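In the two complexes below, chain A is the common chain; its partner is chain B in one and chain C in the other.
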Partner chain A sequence: MAAAALRPAILRRIRLSPSPPLALAAAASQPHALARWLARPMSSHDAHLTREEVVDRVLDVLKSHPKVDPSKVTPEAHFEKDLGLDSLDTVEVVMAIEEEFKLEIPDKEADKIDSLPLAIEYVANHPMAG
Partner chain B sequence: MASRPKLSGIQKQVLTLYRGFLRTARLKDPEERLRIESVVSAEFRDNARNVDRRNFVYIEYLLRRGKRQLEQLKNPDITGLATLEVKK
Partner chain C sequence: MAFTMRAVKVPPNSASLEEARHRVFDFFKQACRSIPTVMEIYNLDDVVTPSQLRSTIAKEIRKNQNITNPKVIDMLLFKGMEELNNIVEHAKQRHHVIGQYVIGQEGLVQELGSKDQGSSDFLKKFYSSNYF
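Showing the complex of A and B:
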């Protein structure tokens, strides 16, 4: 088939760079940084999100909800019992988390998320969270 | 409410509808989105406060009406919601 014949030609033209060139350039100027960069965990979603980052950003989303008292927000807090949110607020909060991490959480999953630990867990385990 | 009871089927439907409105609002212009969110949120909160939770017939009616409105709002040509206040 024509498509099969085209394939190698196309593949030859496409160059995949396995890393952002900038990171390499920066790393090259600092030998230790390069070693650290080479030793980074190799997974499909290593690049951006650490667990601390997920926790921080989820906490920030909660703190910025108009009904939440920011001083009560902890990584262990339950939306309803600790933060006084009702079920409509909970929908809003989970949607805000979706938006923060550019995710779409299916209804069935979203219904189960009623606390910070569950929200953090969900985002941390999501390969597409960014 | 002591130790969060499981949500009933009809409560879940209401929350799913609310989520649907918020998702659809995201697709509109930022200004319109804010207006839709405030109208929709006010409507849901008002009903949550004022509708007797055992009045299933009425809640089912509101659900049906809401779903119809959501379908209309999903149309990309529809840019927003308008509400008419009927004074009681």
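Showing the complex of A and C:
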């Protein structure tokens, strides 16, 4: 019972690489076709954000903040130490990132985000970031 | 008033400054998350951007940054919450929101510039604001 429930969950995460022999095998046998059907994208905008895009957009958000000197913004910068932001500014920046990527970051996660690498990491790993 | 009675519950006092501080951030987040709704209700898209409104909210909070008494912070938070609820429930009109948060307190009194020359210090303060 539990295995039956687990199976679609596992199959959804498996991506088969479309090399020719595998594709032939997939065409020949039913289970692979099922796996591909289960692994299909569940929404129309399946193009997940690339890491470069996330980095660019997060940097743009930071640069457009009125208190931030755009020349100091690097992908490794820390909000308070390098950019001179205080705790309220940090929350403001996190909110701006939420708006930019149409997310809602829960409080526990948002409290941890205090630097650009952490922000980029969070957004890049978020499945709903758009 | 009825809006507020329904929407705002008085939470227990913050036990420490740290808790009060945390509540301020929570309130700020809540206010930021309601910005899109507010922009839609009051048709603010052509006068202001969400990031400007965010900065204005932060500025309003920063006005009181020197306060260290948790009870006072709780009281101010209550007032902030009340204001936010009034705005989100459309208990205000467009020009209230624009005057207070888009143009700002200074913007509305700037035109008075040269008229009060030569008047007393008291009058100058009185013209610029009746809160002093």
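The criterion applied here is as follows: the second predicted complex is superposed on the first by the 83 of 130 C-alpha atoms of A that agree within 3 Å, B and C clash if a C-alpha of one lies under 4 Å from a C-alpha of the other, contacts with A are read in each partner's own complex, and residues count from 1 in each chain.
Simple rule for what comes next: a contact is a pair of C-beta atoms (placed from the backbone, for glycine too) under 8 Å apart; a residue touches a chain by one contact, two chains touch by 3 or more.
All values derive from a computational prediction rather than experimental measurement.
Touch criterion met: A:81 reaches chain B, while chain C stays clear of it.
When the shared chain is aligned, chain C comes close enough to touch A:66, but chain B does not. Contact with neither chain B nor chain C is seen for A:50 once the two complexes are overlaid on the shared chain. When the shared chain is aligned, chain B and chain C each come close enough to touch A:92. In the superposition on chain A, contact is made by A:107 with both chain B and chain C. Counting contacts by the rule stated earlier, residues 87-88, 91-92, 95, 99, 107, 110 of chain A appear in both its interface with chain B and its interface with chain C. Partner chain B is touched in their complex by these residues of chain A: 80-81, 86-88, 91-92, 95, 99, 107, 110-111, 114. Every residue of chain C that touches chain A in the complex is listed here, in rising order: 24-26, 28-29, 32-33, 35-36, 50-51, 54-55, 58, 61-62, 65. Put simply, chain A touches chain C in their complex at residues 64-66, 87-89, 91-92, 95-96, 98-99, 104, 107, 110. Touching chain A in their complex are the following residues of chain B: 1, 4, 7, 11-12, 15-16, 18-19, 22-23, 26, 41, 44-45, 48.
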